[in-house]
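Presented below is the structure to which this report refers.
Letters A, B, C and D name the chains as they come in the text, with residue numbers starting at 1 for each one.
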Amino acid sequence: MADPTYSKSELMICVAARLFQDGTTAFIGTGIPMLAAMLAMKTHAPGVVPIFEFGGTGAQPTQLPNMVGGARTFERAIAASGICDIMEAAQRGFIDYGFIGGAQIDPFGNLNSTVIGAHDHPKARLPGSGGGNDVGSLCWKTVAIMLHDKRRFVPRLDFITTPGYLTGPGAREAVGLPKATGPVNVVSTLALMDYEPASCRMRLRATHPGVTVAEVIANTGFDLLIAEDVRVNEPPSVDELRLLRAEIDPERLYI
Amino acid sequence: MNVIAQGQGELIQPPDLEAFREWNRTRKARQLVDKVMTEAEAVAQFVADGCYIGTELYGTVRCPMSLTREVIRQRKKNLRVCGQGVLELDLWLAAGLVSQLDLTYVGLEVFGTSHALRRAVEAGAVTCVEWSNGAIAWRMKAAAMGVPFIPTRAMLGSDTLAHSAAIVATDPFTGAPVCLLPALILDVGLIHVHRADRFGNAQIDGITGFAFEMARACKRLILSAEEIIATDEIRAHPDRTIIPYYLVDAVVPAPFGAHPGEMAYCYERDDAVYREWIAASVTAEGALAYLAKYVDRVPDHRAYLDLIGEQRLAELRVA
Amino acid sequence: MNVIAQGQGELIQPPDLEAFREWNRTRKARQLVDKVMTEAEAVAQFVADGCYIGTELYGTVRCPMSLTREVIRQRKKNLRVCGQGVLELDLWLAAGLVSQLDLTYVGLEVFGTSHALRRAVEAGAVTCVEWSNGAIAWRMKAAAMGVPFIPTRAMLGSDTLAHSAAIVATDPFTGAPVCLLPALILDVGLIHVHRADRFGNAQIDGITGFAFEMARACKRLILSAEEIIATDEIRAHPDRTIIPYYLVDAVVPAPFGAHPGEMAYCYERDDAVYREWIAASVTAEGALAYLAKYVDRVPDHRAYLDLIGEQRLAELRVA
Amino acid sequence: MADPTYSKSELMICVAARLFQDGTTAFIGTGIPMLAAMLAMKTHAPGVVPIFEFGGTGAQPTQLPNMVGGARTFERAIAASGICDIMEAAQRGFIDYGFIGGAQIDPFGNLNSTVIGAHDHPKARLPGSGGGNDVGSLCWKTVAIMLHDKRRFVPRLDFITTPGYLTGPGAREAVGLPKATGPVNVVSTLALMDYEPASCRMRLRATHPGVTVAEVIANTGFDLLIAEDVRVNEPPSVDELRLLRAEIDPERLYI
């Protein structure tokens, strides 16, 4: 049952949460991924193993983690180690999903979080890779969470911080990245995308409620592939909203 | 094992393993020497202008903030710095102390980008060499292992690599391309721990971030500690020692040393002060006003804690 | 980074990082699955003839001896084994289970050389590839890191290197020669720990030997544990977890599982039984008689402990 | 004051113990090095930091360690870690001395503990490197403890398990071993040797009491350099013997 009072953030969190597969390991970045992970663990995917880059594995936090190294990322965890152990677990193939963000994304799912403009004389200096490059390189599947507009969905990045499919099929393997890895979804403020397997190009899978395909296209700076059966994402359910508002983010810091 | 590609970033701190070995032989006492001193003493003695320095873990989590502030108070110049940074690097950048960055992330997590970084980079005051978080940690790990480099399968294919000082080479065992990360030997490392003895034997509760690696990758290591404990406690649980004394040059007693960041099991993040920085740092003037209030007008960490106030500190304490 | 020299030893277990990643993706449950079973079940299920296997730490110190004996009881054949070994490898060699060795040390410490090794090698039953202790541990560390190799400055210039499968290459950062150790991915690892929960989350007290590295370098990992504890105890001290459950395939409750070796803080080495082996193993017949008595005629670890006797075990216990 | 009742083992232990420098780190192998370290720590070198390869650093054992991974190697230690941490500390230059043994030694201090005869068809298979190669490669100074006869002090090894000076001056550096490292002493059942700096060849420094230079030469299978001022090692003192017998090895396992 839907609840019409939801915000855009709440919708994104719910769409992202539904991507979590029960019984998988997931590398969780700051912000929406944390909320989505907690929501998924409280709904369809209680067996998700949240992994945080500075060492928390399998936490059962009673409160929303607000920093990737914070105490809540290893509250009642099964292990608290360090960044090398976590990144090496990813490098060995133990981390199924990575949830990351970026300032810009291109049709192949490459992400830019480093600079707008030239690297040495940028128009805007952004935070840099952080763990993004490691996650995009080493996890099996990555999900990007993005604001959706033409300045962010661009045909060509100023800087590839984190590899998606690079220049297309086979490119990841050719440069030495682990086989059979890469981006699988984008959750944006407008829609849910995946990648067309043959071309490795981004494809519209489902629009958010009230958003038209034309709107998504108009807000995308490159030729977005359109799935034959574009669906509409389910709005947040009453239960999802209750969990988000009452249990996950009662102080409404993010939602 | 031919070199296929090479990042065009400057290798800001080229590793010299022989010099590091000689340093570790001659400049690190094997004896148990009392190393307790103040922030002012430690920074004055071991942090030089132009040095290559790093802090662990990051500004809002178990970060040596009392030492970070003292570096500003003493206005160390032309620092070359590695790291992700939240708050701590922001403060240094805002204070104009930094000239070069081995950068992986400088920002404010969910609160957005760093205004101090943007101002510094866009003004050309700071040059950046790019790395991933894993890469910086592995570079310290290589130094900690005493080897010239460590391979990784991250970084490949990205502009992060193109603007780093990493090398792509052919793995001689499999023929596949692999990224080689040069060892990162820091001139100075700052690490905040839960407890240490007077000689520097240190314990950390919870995640260890990259404390293990950084402690072993530094020529000079300044520890700050919530609590100074007896060596007998160290010897009773030697498997808890993540940093043995012989790596350490200074031990600074610093209760609430990570404030306004959190310290797991001890105290939570002080959101009020953190948000004050976030708001203030939008402008250069605001950032300087924050530094004046929280750094320059308080002579030391004790005065800083007085400024925060015992009542507020008590509220932050974890039961 | 040109290859300067190459060890002439066989790379007994060539690392396939992609296959290891795929294994770790598909064959290691992310869920908390109860993995408690007996030695007999674990060895039957996870140790195959011809597999590449290793034990941690070594025969007289926190070594999975109850599992080691079960491997003999089930007469697993043509094992390819890495390691230093004191007693555990001796037993396998004497039982004729081993065909290839990535050898660093097989002997009896102060009690001298291993007669079982001498007989096996001199009879041509076992081939040896040579490594240092550090090299074997670093090879596991490379696998644990998910990288194809790790550099070291050991091994260089020696016949140990010439009879290894290491490569000497030029460091592309400094131009100096460096030894590259290929990652060692084991088919099966056996590790004895102080305590684990039913899912495999494990803690070790005191030194960790190479448990951290081996646990992360195995396709199959069998743990034996002095004590099975509740997962709540694991979650109360997550920084004590050296082996997280997802690495583990079997958890075997085995009090006195390291006997006749010692277990720090639990029990001391049983010198009488150890010396019995040392004396017996001088001849092939003596060695087989020992195996008959301590392995084949006792059906399981419980019966083994009965053979040793409660009184003797009580004497060995540390207060 | 000397005590004439000492054994050969006791003498070797005492000569080795006197080589420990106070305030240095020392990698301790099984057997005589353990006894020598404990004796040194109880006499002239209380500040020696004993380091054991499987993770014990700075122990204060109440009983003689009898295994390099045994509980006594980290009893009241300042740290208990693992083999990688220890070997990496050596690789970083933190371990001053290494005390090791071998079956054979050559004039350049190279050690063989692997095979007698051809590697693939040996006359005798020996234990192998163990930590020996790491210690001989990575510690600053190594001291070998050896039985002294012509079969053990040989002009050319069947197998270089652990590098000494290899083929002579500059050879270690040329193969990439760390600079300014190498063997410094041999304590044998007959004498104390060092290495002549210019040639890196073994040199007789001091004979044991009652042993002549001629005897040492006769029991050495290569041309041993002879120091100009060959001394005689002090026999065990009353105090050294008391410590060895009453405190360090009261069960007389080794002495």
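Operating definition for what follows: a contact is a pair of C-beta atoms (placed from the backbone, for glycine too) under 8 Å apart; a residue touches a chain by one contact, two chains touch by 3 or more.
Please read all numbers here as calculations on a predicted model, not as lab measurements.
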Fewest hops from subunit A to subunit D - one hop per pair of touching chains: 2
C-D or B-D, whichever has more C-beta pairs in contact: C-D
Rounded Å distance, subunit C centre to subunit D centre (Cα mean): 28
Subunit A-subunit C separation of Cα centroids, rounded to whole Å: 40
Inter-chain centre distance, subunit B versus subunit C - centres from mean C-alpha coordinates, in Å: 37
Shared-contact residues (touching 2 or more other chains) in subunit D: 56, 74, 80-81, 84, 91, 138, 178
For subunit B, residues that touch 2 or more chains besides their own: 17, 145-147, 152-153, 176, 178, 206-208, 238-239
Pairs of chains found to touch, sorted by chain label: A-B, A-C, B-C, B-D, C-D
Subunit B partner contacts - residues on subunit C that touch it in the complex: 1-3, 11, 14-15, 17, 145-153, 167, 169, 171-174, 176, 178, 180, 182, 204-208, 238-239
Subunit A residues touching subunit B - in the complex, by the definition given at the top: 30-31, 53-56, 66-71, 73-74, 80-84, 87, 91, 114, 119-134, 137-138, 157, 159-163, 166, 171-172, 175-178, 254
Subunit B - residues contacting subunit A, complex: 57-58, 60-62, 84, 86, 103-107, 109-110, 113-114, 117-118, 121-122, 124, 127-128, 130-135, 137-138, 141, 152-160, 163, 168, 176-179, 206-213, 262, 264-265, 268-269, 318
Parts of subunit C lying in touch with subunit A, wherever the complex brings them together: 17-18, 20-25, 28-32, 143-147, 201, 216, 231, 234-236, 238-239, 241, 244-246
List of subunit A residues in touch with subunit C within their complex: 23-25, 47, 49, 56-58, 60, 74, 76-81, 84, 88-94, 96, 138, 140, 178-180
